[in-house]
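Several structures are given next for inspection.
Both complexes shown next keep subunit A, but they swap its partner, so subunit B is in the first and subunit C is in the second.
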Partner chain A sequence: MALKELSSLEKALGLKKPNKYSTQGDKKVPVLQRSNGPALSGLVTIATYLVREANRAELLGESAEHRAIVQQWLEYRVTKVDGCQKEDIKTILKDLNTYLEDKVYLAGNQFTLADTLMYYGIHHIIVDLAVQEKEKYVNVTRWFDHVQHYPGIRNHLPPVVVLKNRVYTGSHH
Partner chain B sequence: HMKLFVSEGNPHCLKVLAVLKLTGVKCDVQHVNHEEKVVPHLSRPTLPALLLPSGMHLFSANSICRYLGEVSGQPSSDLNNQWLEWEASELQPAVAQALHLAVLQGKGSEASSALQGQLSYLEQSLCKKTTPFLTAEIVSVADVVLWAALYPILSDHGLVLGDQGKVQNWFERVGMLAACESAAQEVLQGKGLKSEALKAYMQKQPAPPHSQAQKRDNQPCNSPEVADGDRVMSEEEILSATVTWAKGLADRPMISDRQHPILPKEGKRNILVTSALPYVNNVPHLGNIIGCVLSADVYARYGRLRGWNVLYVCGTDEYGTATENKAREEGLTPQQICDKYHTVHASIYQWFQVDFDYFGRTTTEKQTQIAQNIFWRLHERGFLLEDTVEQLRCEMCQRFLADRFVEGTCPFCAYPEARGDQCDKCGKLINAVELQEPKCKVCNQTPVVRSSKHLFLDLPKLEAPLEQWLEKSMGSGDWTANAKQITRSWLRDGLKPRCITRDLKWGTPVPHPDFSDKVFYVWFDAPIGYLSITANYTDQWEKWWKNPEQVELYNFMAKDNVPFHSVVFPCSLLGAQDNYSLVNHLVATEYLNYEDTKFSKSRGVGVFGDMAKDTGIPSDVWRFYLLYLRPEGQDSAFSWADMAIKNNSELLNNLGNFINRAGMFVSKFFENCVPAMDLQPEDKRLLALVGWELKQYISLMDKVKIRDSLKCILNISRLGNQYIQVNEPWKKIKGGDTDRQRAGTVTGVSVNIACLLSVMLLPYMPTVCQTIREQLNAPPTVTATMLQGTGNFVCCLPAGHHIGVVSPLFQKLEADQIEDLKKRFGGQQVSTMVVRIYSTWPLIRPFPHQGEKVRALKGQKAEKAVIAVEVDKLLDLKKQLALAEGKNQEPDQTKGTKNTQHAPSPATTAQAVINKADPERAKELTLAVAEQVRWGAEAEN
Partner chain C sequence: MTKDGVQGAAEETDQAQSKKGLKKQQKEAEKAAKKAEKQAKLAADQQTTDEDDFAKDRYGVSPMVQSSQRLDRVLVRVQELTLEKSDQLIWVRARIHTSRAKGKQCFLVLRQQQFNVQALVAVGERASKQMVKFAANINKESIVDVEAVVRKVEQKIESCSQQDVELHVERIFVISQAEPRLPLQLEDCVRPEGEGDEDGRATVNQDTRLDNRVIDLRTTTSQAIFRLQSGVCQLFRDTLMNKGFVEIQTPKIISAASEGGANVFTVSYFKTSAYLAQSPQLYKQMCICADFDKVFCVGPVFRAEDSNTHRHLTEFVGLDIELAFNYHYHEVIESITDTMVQIFKGLRDKFQTEIQTVGKQFPSEPFKFLEPTLRLEYQEGVAMLREAGVEMGDEEDLSTPNEKLLGRLVKEKYDTDFYVLDKYPLAVRPFYTMPDPTDNKYSNSYDMFMRGEEILSGAQRIHDAQLLTERAIHHNIDLEKIKAYIDSFRFGAPPHGGGGIGLERVCMLYLGLHNVRQTSMFPRDPKRLTP
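On to the complex of A and B.
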């Protein structure tokens, strides 16, 4: 899973030469073998490294504060979203929905690596949402739709249909 | 302007405060309550939190630390990122688990083992470094974050952490920084695990989910093996395996010989293992053996290898009506019957190499003392009730009928052959007088209801402390899924007072003067046997049984025994209020079925313990096959043909073949002397793969997944065979210098793997293991080194080591040999034996009786319809006897139908009723009725 994601990310970043990856441990943590340094392990660590390799440092945030927020959501993705139990899903969606109420992307108004990886990680949850639930978490859905249409991002994942007109007018978020 | 919110006792706050002090970044710090909601968009209170100048919040401790580092001029490097990510995703879940165990459950020793994997990863990484800190010569954010995460646990000197010397040094180095020291003081009063603030914080946290290798749990029992050869090993894993290999044997103390009496020791893991006590009046069957004594034996042997302080006790359960009856049958006294069968049991277990520390019995003076003491304590504390009981009495046999001597129709599911205490179909407990159409099993007469005064254990009164204890024990211990499920379903149905006295002679006398002619009911008495057997082993038995602080108790049993061990017996002990050690890990197997299911008289069909040795198949092979089949998680089935296949494919062609080839190469090509090894990348990868299987083996064994960990052993020898096959040392030895050297390396690595296998095999096949060690002349310290911590595959037979004489370990089981065995043990003989032991006696006696009745009616010229009814009864009885003897007299009864009872099957009817009522319960019961013929430890009345 993580390996597919990394190869999609490579494509999105326009990296020409695909890297070689392996995994370690039960959780299949990705490992990148580098020619110019020691191996790197961990999805976020490798993704951050790839972004810099592609000279797209703006995707990591443009100020120290911005970078911290990007890293925070990357960590949230691998610690909270990955391996979440059924009962955690609601909390995650609810919290993200509140958070995204006044934001276009996770780190504010700019698209960052946090959006890409969160999109990859949360895709399986959004796919399973009923129309009514998508409306309940309307900010998450809107964000998700933005990201899946962001040029070059979707790659290995199937598109999720998001209705623009509300069906369940009675529901609140 | 920034503001940092922290709370006392929260280890994550330790991270940010230490980094804040280290970097000197200007920032207001505000102490708040754990429950304070600082970050508006998160539904759960999350601390620490940093309010940024922009008005946004950072709510991850690691991100706050990284940010503080960056604004103070230390941008995060890849390496720093990697450690922070590892801390958040790998270390944190383990730390949460460890803290939960140590702080809330007082299990410090388990806390350190919950962290073993992460600590050894850290140790290996530090070993590879030349710098004093994780990323550089100077301390980095990653160092402080990891230090803070580990601080509560590593600063506690009471914890034994194994040999993580580098971790210890690094930890002390970081902790000496003034920033860290003062932050630790501020958040945890410098106290680590004993900090009150930490405890208060932990109490507010949700319990961490259990992190364990669950993916193997759902593997079906008899599934074909999947070789794990294509597992990808990372450079790190390969490197660390190579480093471990090169360490060689450490100067560890050998595992010392057992000194009896074994008593709990301070600072050791003290493990008390019990196996359900087999009922004395029968020869145990294979289901008995795998479900209890053998499983417990494997775990006890493993525990001793791990260096734990293990005591394994068991014995025969000897009181009760069944013994009385057997005595009457054989014309002996009950005591003589017990003596006779106790010896039979002991010798069977000895043949199976079950290594008890003590194998006792329940008919002892100690049993009386302890049972009566528990009784009086329950009585004094008001946990006993007195009531008049209506009981079935057979006027023909002149006695009150014990539950197992009554049969009738189940009041819940209408199953016609329900026993007096429990229905085999729906599993519900039955009060014998509630049975519809009860029959005395001896004479088939209808018994009458009589009343008698009895004592009851007031289970409803003990329900609250029981539930409280269960929550703790199930939460922290390794209870099998079926044990949890069965226990929960008991509690869900609500507890009722349970009678603890019986109108019998052969039992522990009730000491109360008002009940002087009664004895204790077996279910109350038998589990006390664990205590009294230990008391017969040592006068200091209370050090095991009244010492829950130091002792971890493992109970092994088949699943039908679960309620007695999880509900009823704990209630007796809780009610006695004498600080008894209660079960921490309840390990229950499912049932082992027999291949030939044509007998419908279900109980007792199969191969018996004393027959196994007559097969000529070695005890180790029996052990292997039974453990390979261990009904772990689901039922499994014994079959002769499968036994031959597993012997020939797994033992002979896989395991034996590998070990034998490795040894033969050393003796033939290198004059019994292990050659020099020059490890190539391919060899190192193999070391990593083998090391991975070893770690799996240990983590599965620690969780008592006995069948699953056996597969790891077989995987290793499979890897070894592939390795030899690819490298062809027998060809290379004839080649040039390079080829000869290669042959040496492959031989050396292989023979070392063989030595590792001898260690891992010991709990399963003790004799074979001893043989391998003698053949390889293995040094005695191998066990302690290889099974230390999470497992270390080291080079234990270095170049120059002399091995002994190598010879084959296993023999082929030929098809005709197996056919013979099948005929001898699986066919008619078994049925005859079963009929003799179990089935025939309640059936034979009614025959003449019924025959006479028919003749009398005919003689009286009674109405045809009346005669026809009685004739039908007679025919039915004859048919039952024929079935019990294994002669199926009904050609129209479809072949392959397991259930030979008359249609409509009561099981099906019952199932339909239950399905409607409660789907979950129905699922449980489907398992129970799936097979008519099964072996399992039976709960005798």
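On to the complex of A and C.
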């Protein structure tokens, strides 16, 4: 999974030459073997490196504050979202929904690497949501829909239908 | 510790115990003495009061009503206790809903069906101290006869349905005494969900209520629900009668299952076995073949489905319609939808109080419908669902969640809670369903939905004996058992169609309730056979 994600990220960043990755251990941690330096391992590490390779450092946050927020969400992605159990999903969606209430992107008004990786990481959850649940976590789905339509991001993932109108507004059921 | 030490300690406790024991005995003796004193005083009181109770003929427990005499007494209905009746002396028969004694006064709330009124017994010229005490001690839910003067009140009594007046009681007699402990409290039964959670008040769960259905049915909510349900039947009959329909009665013990053999109850029938009717389907069609033209039938329907859901019962009341048409089965759809619309309008116009009463406990949005009724084709419905991200096959039946979702989408798009879904896939319908003339995958059949849940299933039926036989064979039905049914079509049968509605579901969905047991007086499901 992580490998597909990294090659999607490469495309999104506009990197011409695709890298070759391998995996390590039971958890299949991605590893990038470079010709001119030490090997890099871990999704966030490699992703951050790719962003710099592509000269898109703004995707890591422009101010010190934004950089910290981006780091925080990257960490959230690999610690909370990856390998989450069924019962955790509700908590993640609830937290995220509250957080995104007044934001366009995870780090405020700018699109960052955190949005890309969170989108890739949460996709399998959103795909399985019923229409009613998508409406319940309306801020998450709004953000998700926004990111999946962001140029060059979606790549290998199927699009998720998000209704623009609310259908569960009434008190009934 | 040494042995001595242990012994010493034991002795000490012994002494202490005996000391305590003594004290205890003393106290008990004192208590007993006090009790005896009290009783003596009470008895004395009783005697003296019995003697000087000037009002002792004005209250008491009446002898059992065994029709020994016929009193020339008019009992006024609680509902009629309004300002017009003020200062009149009247008699009322009602239940004690609540009672609250306060010194020389006792406030009663008298209830009659969904109406209630405040009554006051106060020490004075007409009532003695003993009478007030007696009134205060009548158990809740007892039935009493009360003679009282209707008085206008300064401030509206918010907690009662009769807000402008109260009753000043002059006589009170218990006609039927309730046992002191009720299995559940009426106030707990009508409390809206969530309300009262903060002050730790109980709401009664549904099973407890159904176990004590007789008491639960006394609540204002239940009273309103079943009065409205009666209204649905009445409106159904009136509308169809006006359209020239004939009401028929069909047997419920039948020899063959009408809608697939899986979900029928088998009953032993002398030396053979029979089934309980899943619908009057075959019989209403035979009536059409017998030139009754337009028929309907209101009666029990049985389903042996082991499904424990919010909307399935094993016995419910079916409202069935069948009519002959001229050239197109849409004539039938229009006739049925018009009937439904007449019912919705009738409820809206004549049962507003009941709707609001139920709404107090179970809030929901008013029921919306269009005229003429919206008709969508199955494929359009599937397309709407796909657009919302649901993956399903062309000929796949609607699952319950998808049915509900489609209802939501339709409501959002057309703003109606009632619509018809037409042209179902042939594969998911019973054998007697007429195939679509242009595409054999589909059929001339339809479902009707209220708030996204199915209330009616119907279709154009096959009126050609040969095609009917073919379809029955296709569905692996034993031709022997439905011979009489198929034969009815051999001697000239008009094209016809119809449908069957579940009464309980219509009431549930019209009122926006969440469980069909709420609209079934004595519900039957796989787990409930009593009361």
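Just so we're on the same page, the second predicted complex is superposed on the first by the 170 of 173 C-alpha atoms of A that agree within 3 Å, B and C clash if a C-alpha of one lies under 4 Å from a C-alpha of the other, contacts with A are read in each partner's own complex, and residues count from 1 in each chain.
Just so we're on the same page, contacts are C-beta pairs under 8 Å (C-beta built on N, C-alpha and C of every residue); 3 or more make two chains touch, one makes a residue touch a chain.
What you see is a predicted model, and the numbers here were worked out from it, not measured in a lab.
Steric overlap between subunit B and subunit C is absent once the structures are superposed on subunit A; the two fit side by side. By the touch criterion stated above, A:Val160 is placed in contact with subunit C alone, subunit B being left untouched.
Touch criterion met: A:Val78 reaches subunit B, while subunit C stays clear of it. In the superposed pair of complexes, A:Ala39 makes contact with subunit B only, with no contact to subunit C.
In the superposition on chain A, contact of A:Ala130 is made with subunit C only, not with subunit B.
When the shared chain is aligned, no partner comes close enough to touch A:Ala57: not subunit B, not subunit C.
Of the two partner chains, subunit B is the only one that A:Thr98 touches; subunit C does not reach it.
Subunit A has more of its residues touched by B than by the other of subunit B and subunit C.
For the three-chain overlay built from the shared chain A, the minimum Cα spacing from subunit B to subunit C equals 10 Å. Residue overlap on subunit A between the subunit B contacts of one complex and the subunit C contacts of the other is empty. Across the interface of their complex, subunit A is touched by residues 40-44, 52-54, 56, 58-60, 62-64, 66-67, 70-71, 76, 78-79, 81-82, 84-86, 88-90, 92, 209, 213, 215, 232-237 of subunit B. Touching subunit B in their complex are the following residues of subunit A: 22-27, 29, 31, 33, 37-45, 48-49, 64-65, 67-69, 71-72, 75-76, 78-79, 82, 85, 91, 94-95, 98-99, 101, 108.
Those residues of subunit A lying in contact with subunit C across their complex are 130-132, 160-163, 165-168, 170-173. Contacts from subunit C toward subunit A in the complex involve residues 363-365, 387-390, 401, 404-405, 408-409, 411-412, 451-452, 512, 514.
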